[in-house]
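What follows is chain A paired twice: with chain B in the first complex and chain C in the second.
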Partner chain A sequence: MTAFRMPSLGADMETGTLVEWLVKPGDRVKHGDIVAVVETQKGAIEIEIFQTGLIEQILVGTGAKVPVGTSLANVLSDEEAKAGTAAAVVPEAGAPPFAAIAVPRRSVGPPPPPIVVPPGAEGRMRVSPAARRFAQRLGIDLAAITGTGPASAIIRADVERIQAEAMPPKPKAAIGLNLDAMREAIAAAMARSKREIPHYYLQHDVDVTLCEEWLARTNAARPPDSRLLLGALVIKGVALATRRFPAFNGFYREGKFEPAAVIHVGVAIAIRGGGLAAPAIHNVDRLSLDDLMVRMRDLVQRTRAGRIRGSEIADTTITVSSLGERGVESLYGVIYPPQVAIVGVGKATSRPRVVDGHVAVRSIVTVTLSADHRASDGHAGALFLANIGKLLQEPEKL
Partner chain B sequence: MSSVEIHSVVCEELNNIAPEVDMQSVNPSADLREALDIDSMDFLNFITAIHRRLGVDIPELDYPKLITLDGAITYLQKKLGGGNKG
Partner chain C sequence: MLQATRQSGITETTYREAVREAIRDALKRDDRVFLMGEDVGRYGGCYAVSKGLLAEFGSERIRDTPLSESGFTGAGIGAAMGGMRPIVEVMTVNFSLLALDQILNSAATIRHMSGNQFGVPLVIRMATGAGRQLAAQHSHSLEGWYAHIPGIRVLAPATVEDARGMLWTALQDPDPVLIFENVMLYNMTGTLVADAGPVDIAKAAVRRTGSDISLITYGGSLWKTLEAATQLAAENINAEVIDLRSLRPLDDATIMASVNKTRRAVIVDEGWRSGSLAAEIGMRIVEQAFWEMDAPVGRVCGEEVPIPYPSHLERAAIPNAAKIVAAAKAALGRD
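== the complex of A and B ==
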């Protein structure tokens, strides 16, 4: 039996509030399943489990605020489950009353959602996780809703319908986003960064004309949902350059630099209404451009809707920040501790350049590097930026 | 499809991207990227949504024609109208 614990979702996180369980005792889980929602300074985060097996017991109820590392649930491995304790097969055997073991330590917070109705009991309410979360946030009683999903399950659209009936139409606000808390988290992280990290800054102008031509050719034959953006090429270029220059990928902790073995690129995403999050895309150096683009689109949409996953904010190894094509020509990022580098990408502008001895109009992006001088020096930084520029001259190889 | 219907689909999809914007108050000849504070990813999502809902193929080369509300409606009307005549 292993413990599923409150994860650390960043160096500055000490506690988390368990907002919702998406599993119950007896449920099978596998590596990567989203099993709970935890409220942190960064908003509501969907927490994945990294064990495979059976949820035996839930130890912390909804509404409880607990320190990082606290056991939230016990998980049985498949072997243990087969060996079979009654508790491991609660729903079928119906042995110990589920509600009794479900929330032994429930303290403060809202009344438990109908999730604690014993499975298999008469009149069990079928509710999709998204609908349950949405209803809970809006304070809507699920019992009052008629489900229209499969097997009369309540789906998110049903909750939206009830909400629309209950209140006058108004702009949809993203759920799970607390912009005030996010502002505090940004303030704390950035103040710490400027206090502790001796930044140095470099900039390099990269000709992206070939990238744009390649994109135009590639996208011409594609429907909108599979088109690529320049941003994906740049992020891939950064990841590939990072492979060759490991001094910009990793963490500075307890007085020393720990290079990371993987390349998880944080993508700075602006939240409408103010705020910023930089969730990571994992193993970017090993993703195809198409896969990377799919992940980027998904990540931007989920981030703006307040649905970031725990693993996406906990293990970023390097960050890329871009202010978009309407932004400025160059930006210098502030490193997100404990990372050691952030790459800033300005907007592409047409500028005169000398190409083969002639002046030509080219599309230029200024790429910058803010790096931690404790982990690297300007010489390596310059080579790193130059390598990004070089990789972007052969977009078809990215 | 009438221009009123196209207008409502366009506004609805733009509102999905920029929920807090009152589309009635957007100047129909203003650059949508400025007026709605949307980036290239948002714009691509908008084009994707329009493609899905109206079945209109919008090549990248035509993006500049959809940069204003008026421009987008005129463009889509032409595309849809052209299809219906045949």
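== the complex of A and C ==
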């Protein structure tokens, strides 16, 4: 049996509120299934499970706010599930009707006397006296509550939680999109970034005329919803350049830089009404442009609806921020710790440019780099930016 | 007769010195007071509590007795009934069983049997507890047995302040008072205000406030419990620690106020589990606070064996911080 735990969805996350279970005891799950929705300061996040097997028991009820690492559910492997079923079908002859259930505990020093919680009568819920009386007073149905006390008993705090949920409809901002909390999270992360990370900044003007021509040709025959955008080319270009310059891809933690083995590009997405999230698209360097575009559309839609998956915000290795459509020519991002770089992409503007000895009107995008000077130096940063520019001269190869 | 008031400087002292100072103070204040017991005079007491008192007060008031607990405890009872204020020292609670007949059938009963014509204003001090490798005939914690007896008051000073202050208040009681001094505390140091004096003996003390669980204890276990509370705090569990101070009568009000707040309790008692003082406290919690509880009441007690002689087994036989931490976490459903 393994525990499915509250995941850490970012360096600053300490607790998460379980807002929805998408599975119940007895359900089969496999690696990658979305099993629960957790609300964090960043919004509601869909949580994937990385075990395959059978959900044996849900340990934390909806509405509970628990620390990162708390066991949320027990998962049985297939073998265990089989063994368990067999045991249930053929009970051991002569076994006492009620085996004592010892509350599990970590052993510290000499084994302490077992604290034994007597089991309740068959089919009876385990409810603490305080919880029982409190629920009775409020007329709350205990059957709807998942206990968090010893041996999963319902305790008073569990009832209080349900009561809080049942309270006159909290102005429930579209589930998970709590803009105030998001603002707080942004404030904390950005303040930490500027406090701890010695940023350096570089700028490079990239001629994207060839990209635009290629896009025009490629998109001409496509319906609007499958057309490619310049942004996808730039993100792909960044991912490919990152492969050659690993010093910009990874995390700075506990005094040292850890390069990441994969390239998960965070895409900064503005949220209507304020706020910002930068969920990741995984393995961008290995995605085709079409796949990348599909992922980007899906991500923007889900982010604005407040449904981001846990794995999309926990493991971003580098971020790309673009305010292009809003009409600024360049922007310098603030690095999202513990990442070490953010690439800023400005709006494409027509500017005079010398091409083959003649002045020509070209489409130019200013690409910037904000990078962590603890992990890399300006020279490497310049080569990195130049490489992005170079890759964008051959859009058909992206 | 309460709390020492004016604070005229703070001194560091040991528990042993605090008990000695309490006896000296009582001898000076009231000439009806005298100390009697095995080796309390020339030898200075087997735990050196009364060292120097014979020279200071003379053999009339610091009286060595034969090895006869029943005899000298009975003599103390007679002296008390006759108007004296004796302090009887019994070397350890194990030996007090020889005097149990005197304590139960005489001291605790005479006010009742005589139709309130006689009382026994006697104080009996004795050592209790394990930890000094004195083996199974010198190391038990039987104060819970005495707390069973109506007609006497049972005290367990855990701090130097209480060691200094409880004796005089006990001597003012018109009925017998037993004071249990845990042997592991004699060398403990603590601070006392220079004019420290008598303290209240009716109330339990909250030695650490907390919100998540009540750890209820007394005597030598108090310090292990406070250590456990510190460890629990590191895991974000905020434990309240109650020092009972008086084992009979129990201060139910303080216990219930704490449990009503925290909804969980673990009782730490060096005595054997079955029929222990911890059992009594647990039962009172069930009687008085059942509807407020969020978890079964837990207990950390002495193992049900004669206290072993080897040091590692002796330590394993009595409560320690790790056991208390584990019991507290079990009550919170934390592993």
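Heads up, the rule we're going with is that the second predicted complex is superposed on the first by the 305 of 398 C-alpha atoms of A that agree within 3 Å, B and C clash if a C-alpha of one lies under 4 Å from a C-alpha of the other, contacts with A are read in each partner's own complex, and residues count from 1 in each chain.
As a working rule, a contact is a pair of C-beta atoms (placed from the backbone, for glycine too) under 8 Å apart; a residue touches a chain by one contact, two chains touch by 3 or more.
Treat the numbers as computed from the prediction; the structure is a model and nothing was measured.
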Chain B versus chain C as contact partner of A:S288, first or second or both or neither: neither
Contacts of A:A130 with chain B and chain C, given as first, second, both or neither: second
Which superposed partner A:P224 touches (first chain B, second chain C, both, neither): first
Chain B versus chain C as contact partner of A:M296, first or second or both or neither: first
Which of chain B and chain C A:S350 touches, first, second, both or neither: neither
First, second, both or neither for A:T148, with chain B first and chain C second: second
Touched partner set for A:R156, first chain B, second chain C, both or neither: second
Partner chain in contact with A:G273 - chain B first, chain C second, else both or neither: first
Footprint of chain A on chain B - complex, ascending: 15, 18-22, 33-34, 37, 39-41, 44-45, 47-48, 51-52, 57-61
Residues of chain A defined as touching chain C within the complex: 103-110, 112-113, 115, 117-118, 128-131, 133, 148-153, 155-157
Touch list for chain C against partner chain A, complex: 263, 273, 290-296, 298-301, 316, 320-323, 325-327, 329-335
Residue numbers on chain A that touch chain B, as the complex places them: 171-174, 216, 219-220, 223-225, 227, 229-231, 270, 272-273, 296-297, 300-301, 324-326
